[in-house]
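Quick heads-up: structures coming right below.
Here subunit A shows up in two complexes: once beside subunit B, once beside subunit C.
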Partner chain A sequence: MRIEVKELGFVYSPKSPFEKVALDDITFTVNEGDTLGIVGSTGSGKSTLCRHFNALIRVQRGEITVGEIRLHAKKVDLKTLRKNVGMLFQFPEYQLFADTVKKDVEFGPLNFGFSAEEADAAAREALELVGLDFDEVASKSPFELSGGQMRRAAIAGVLASRPSVLVLDEPTAGLDPRGKREILELVTALKAGVTGTVIIISHNMDEIAEFCNRVVVLENGKLLADTTPDELFNRSDIVERTELDYPHTVKIKRLLAEKGVFIDSSALNADELSAAIAGRFKA
Partner chain B sequence: MKDISLGQFYPADSFTHKMDPRAKLVLVVAFIVMAFLAKNFLSYFAVMLCVISATLVSRIPILKVLKSIKAIIFILIFTGILNLLFYNGETVLWSWWQIKITVEGIIFSLKMVLRLVLLVMGTTLLTYTTTPTAITDGMESLMHPLKYIKVPVHDIAVIMSIALRFIPIISEEVDKIMMAQKARGAAFDNGGLLKRAKALLPVLIPLFVSAFRRADELALALDARCYNATPNRTRYKQMKFSLRDVLGVLGTAAFIVLVVALNNNFWGAYEPVASVWWLFSV
Partner chain C sequence: MNEEKSDACGKETAPLPEKENDFTTELPSGTGTPSDNAPVIKAEGVTYSYRSGEQVSRGVTGVSVEIYPGEFVVILGRNGSGKSTLAKLLNGFLVPDEGVVTVNGTDTADDDKIFKVRSEVGMVFQNPDNQMVASVIESDVAFGPENLGVPREEIETRITEALEIVGMESYRKGSPNRLSGGQKQRIAIAAILAMRPEVIILDESTAMLDPKGRREIMETILKLKNEKGMAVVLITHYMDEAIGADKIYLMCDGEAIASGSPREVFSNEEAVRLAGLELPVAARVSLNLKKAGLDVGFALTDEELAEEICALK
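The block that comes next holds the complex of A and B.
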C-alpha cells in the first residue's frame, strides 16, 4: 500500500500554555514494498507522525492518503484502515489482556470482522510465525508465559490481522542483541509474505542500514531528509547535526580508509561488507 | 496528558504563582469566610473586586477563571430557581398555588448564585497558581501540629504525593494501552452502556497489571535506598514565607475589613447617595 503524506502539520494542546508543534509541513511518499526507516532524536516527532498512519491521531493540517483511504476526510473507515495498517508499539507485551493467548491473538481479527474459523486460522498462523507452538500456548494465560514469549504472543496479536502495512515504533529498544535480531528477522520474514510495506522507527543505525531501502530524517518536527541509507551516511552534515550515529559497517569502512585500505562498495550490511573486504584482499 | 498531570495548574510567572503555598491555602480559607460574611450587594461587590484583583496579579486570563463556573452550572441554576420560587418574601410580584415570586426572593437568589460563583472563582485561583505537589507540601506543613495528637501527617503526605506523582504516569499508560488496542480494532465509543463497559476490559486489565508491577518496583526502589518516613527529613524545595506573602495577607485582610464595613454601612460614618443607599439595605 502506498502512503502519501502532504504538508502534514500537528500541534499538541493548541492554544494553551502547553502548546507544542510536533510536526511541521511534512511531505513524503512511502511506496508499496518499501522498508522505510524513520530516524531523528527523541522528541523530533517520529511517533506523532506514525500514529497518523492508522488514525490514532487525526489529521489537523495537510493530507495523508493510505492506499485509497483519505485520512484527512471528515469520515474515515477506521476498521478497514486499522486492519490494513498494523502498529507495533514498544513493549507490546503490556497490551495483553485476555484469559488465554488464543483469545488475545484473535482480538484483532475478530474486531476486524474475521469469522470464528478465519480468526482461529489467523491466530495459528501468527503464533507459528513468531515461533510459538500453537498447541502449547493457545490455552495458556498470557501472564503465565515468560517475558520473551509474552512479547512474541503480543506481536502475534498484531500480525494476526494480516496488515499490509506494518508500523514498528522502536521495536527493539530495551531488548538484548539476540532479541533485537529475532524481531528484525521476523520483519524480514513478514516482508516476504503478507506485509508488503514496513515502517520502522529506530535509533539503531545498524538496523536502518541493514533493513531499510529508504529513510526519512526528522528534526524538531521538520523533514530534514528523504533519502536512502547509503546516501544518508555519506551526508556527514545531517548525521552529525541530528546526532545520529553511523552504522558499524560505515565506521569500519572509514577506519580501513584511514589505514589506506579503500573498500569500493556501498555495502551497509555486515555480510556484504565482509565479502567486499575479502574480495579486496583476494585481488 | 500534561493537562491531567498538573491538575488545573496554569503556568505563569506571577506574584501569586511565587507565593508560599501555605500562605495561599490560608488565604483561600480567609476568602471563603469573606464570601460568607458578605451581606448586601456592595459587600458582594467588594468580594468580586477581591477575586478580580487576585486574578489580575496571577496573570491568568479572566475568561479562564470564568470557565471554572461551567463545572457547577447545574448547581447554580438549581439554587437560583429554588430560592427564587420558594423564598418567603413580602413584596409579591407573581404567585400561583404555593409558589410566589417576590422581590426579596429575587434578591436572595441572586446573592446565593453570586456567592457560589465567587467561591468557585476564588478557589480555582489556588489550583491555577499552585501545583498539586506544592499544595500537598503546604498542607503537610500546615497540618504539622496534628502530629501531637498522633495523626501520621508525614505518612499521609507521602501517600498523597506518591499518588499525585503517579497520576500522569498512569494517564500516559492509559493513553498507550488504548492506542495499542485501538490499533487492534477496539472501539471505545459506540454501543450501549454494557458494550462500552466491556470494551474497557482490554484497557483495564493491562492497566492493573502494570499498576501492580509499578507499585512493586517502587516499593523495591524505596527499600533499596533505605527509605523510611522519618519525621526530620529535609526537603529539596524549601517553602519560605516572604514579603510577597505578607503583602498577600495584608491585601486579603483589607478586603475582609472592607466587606465588614460595607455590611455595616460604615457604621453610619457618612451619608450615601440615595441609589447606593438602596444597595446597602438589601
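The block that comes next holds the complex of A and C.
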C-alpha cells in the first residue's frame, strides 16, 4: 500500500504559550514494498509523523493519502484505515492488557468485525508468525511471558488484523542483541509474505543500514533528506548535524580511507565488509 | 577456557601488551591499580532462586564477584541471564540462598546493618520515569540524604556537587517532566550520588535511552570513576558499553561463564556465542579477516581495526 505525504504540517497546542511546531512542510512517498527508516534525534517529529499514518493525529495542514484513503478529508473511514495500518508503539509490551494472550491478540480483529472463529484463527496465525506456540501461550497471562516474548505477543496483536502497512516505533529498543535480531528477522519474514510495506523509526543506524531500502531524516520537524542508507552515510554533513551515529561498518571504512586504504564497497554489515576487505588484500 | 583463548589471541598480535596500554590511556586511568586494596563488594559462591508458590526459577548459581574501589565493572549478559539478580544481590536488595555477599566486610544478610550496606552501594534502575519522587529536581536529589538525616546545609552542598558531576546544575530548580531520558537518568544518578555511596550500580540504566542518552550516561560513568574514584558497576547487554571496562563478568543461565578484561572476554568466541551476545562490529570483522587468512589481530574498537588493517599494506 502506497502512502503519499504532501506538505504536511503540525503544531501542538496552537495559539497557546506552549505552541510547538512539530512538523513543517513534509513531502515524501512510501512505495509498496518499501522498508522505510525514519531517523532523527529525539524531538525531531518522528513519532508525530507516524501517528498521522493511522489517524491518531488528524491532519492539520497538508495532505496524506494511504492507499485510497484521504486522511485530510473531512470524513475518514477510520476502521478500514486502522485495519490496514498496524501500529506498534515504543515498548509495546506495556500495552498488553487482557488476562490471556489469546484475548489480547484477538482484541483487534474482534473490533474490526471478525467473527469469533475468524478472530481465533487470526490469533492462532499471528502468534505462529511471531514464533510463539499458540497452545502453549494462548491461555497464559501476557505478564507471565519474558520480555522478548511479550514484545512478540504485542506484535502478534497488531498482525492479527492483517495490516498491509506496519509502522514500528523503535521496535528493538531495550531488547538484548539476540532479541533484536529475532524481531528484525521477523519483520523481514513478514515483509516477504504478510505486510508489503514497513516503516521503522529507529535510533540504531546499524539496523537502518542493514534492513531499510530507504530512509528519511527529520530535523526539528523538517524533512532533511529522503534517500537510501548508503547515500545517507556518505553525507557527513547531514549525519553530523543531526547527531545520528554512523553504522560501525561506515566508521571503519572512513577510518581506513583517512589512512589511505579505500574499500570500494557499499557493504553495510560486518560480513560483507569483511569480504570486501579480504578481497582487496588478497588480490 | 578463558585464559587459553586470550593467550592464543595474544600470540598472534605480538605488540599486544603495548596496545593494551594505549587503549587504557585513551580512557583516563582511575585511582591506580585496584588490586592493592580490599574489595568493597565481595560475593562468594552466591546462589539465588525465585520462588512463587510451587514454582522455583533459578536466578544465579555459584557466582563469585569482587568489586574494588575505583573500578568500572560491567556485568554482561542477555535478558534472563541472571545479571539483574546478581546486581540486586550486591546491595542487599536480595539476600543469597547460598554463599555470602559482603560490603566493606558487612554481610548483606545482616538485617541490622542493611541501611549501612544500602548507603554504601547505590542503585539506579532501567526506567528513568519510575525513579522520580519529587516535582522539582533539587528536591528529588535531596530525597536520599534527607532520609539519611543529613543536616540541611550539608544537603545543599551535596545537591550542588551531585548535579555538577552529572552536568545538570542549570536544571536545579526545574521540573523533571520535560527532561530527555538521558537527562532523567543523570538526575537519578545524582540522587544516588547525594547519598555519597562508595559504589554505584546501574541496572540496565541505558537500555531505554537513545544513542545520545547512552553516550551521556557512559561519559558520566567515566567521570565518576576518574574524578571521584568511585566504583561503578554497569549491568548491560550492549557489548559496546563494556569495551571501556576494567573488568567484565559474562553471565549466561545464571552463571558467570567468563571474566576478565574486555580483550580477554571478547576474544573468547565460545563464551560470547554461548552467552548469546553479538561482538562489536570491529571484533567480528577482525575475526573474519583472520579466518580468511589475513594477518589481522583481534580488534575491539573501530580504530584498532583500522590500524590492524593498515599494517597489512
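Assume the second predicted complex is superposed on the first by the 280 of 283 C-alpha atoms of A that agree within 3 Å, B and C clash if a C-alpha of one lies under 4 Å from a C-alpha of the other, contacts with A are read in each partner's own complex, and residues count from 1 in each chain.
Note that a contact is a pair of C-beta atoms (placed from the backbone, for glycine too) under 8 Å apart; a residue touches a chain by one contact, two chains touch by 3 or more.
Bear in mind the structure is a predicted one, so any value in this text is a computation, not a measurement.
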{"item": "Partner chain in contact with A:P177 - subunit B first, subunit C second, else both or neither", "value": "second"}
{"item": "Broader residue contact with subunit A after superposition on the shared chain, subunit B or subunit C", "value": "C"}
{"item": "Touched partner set for A:F143, first subunit B, second subunit C, both or neither", "value": "first"}
{"item": "Touching partner for A:N111 - first (subunit B), second (subunit C), both, neither", "value": "first"}
{"item": "First, second, both or neither for A:G157, with subunit B first and subunit C second", "value": "first"}
{"item": "Subunit B versus subunit C as contact partner of A:H203, first or second or both or neither", "value": "second"}
{"item": "Which superposed partner A:H248 touches (first subunit B, second subunit C, both, neither)", "value": "second"}
{"item": "First (subunit B), second (subunit C), both or neither touched by A:L256", "value": "second"}
{"item": "Subunit B-facing residues of subunit A, complex", "value": "13, 16-18, 51, 54, 56, 78-79, 82-83, 86-87, 89, 92, 94-98, 107-108, 111-112, 143, 157-158, 161"}
{"item": "Subunit A-touching residues of subunit B, taken from the complex the two chains share", "value": "2-3, 10-12, 176-177, 179-187, 201-203, 205-206, 209-210"}
{"item": "Residues of subunit C that touch subunit A when the two form their complex", "value": "78-80, 126, 180-181, 207-208, 210-213, 237, 239, 276-278, 280-282, 284-285, 288-289, 292-294, 302-303, 305-306, 309-310, 312-313"}
{"item": "Contact set on subunit A toward subunit C in their complex", "value": "41-43, 91, 146-148, 173-179, 181, 203-204, 206, 243, 245, 247-249, 251-252, 255-256, 258-261, 270-271, 273-275, 277-278, 281-282"}
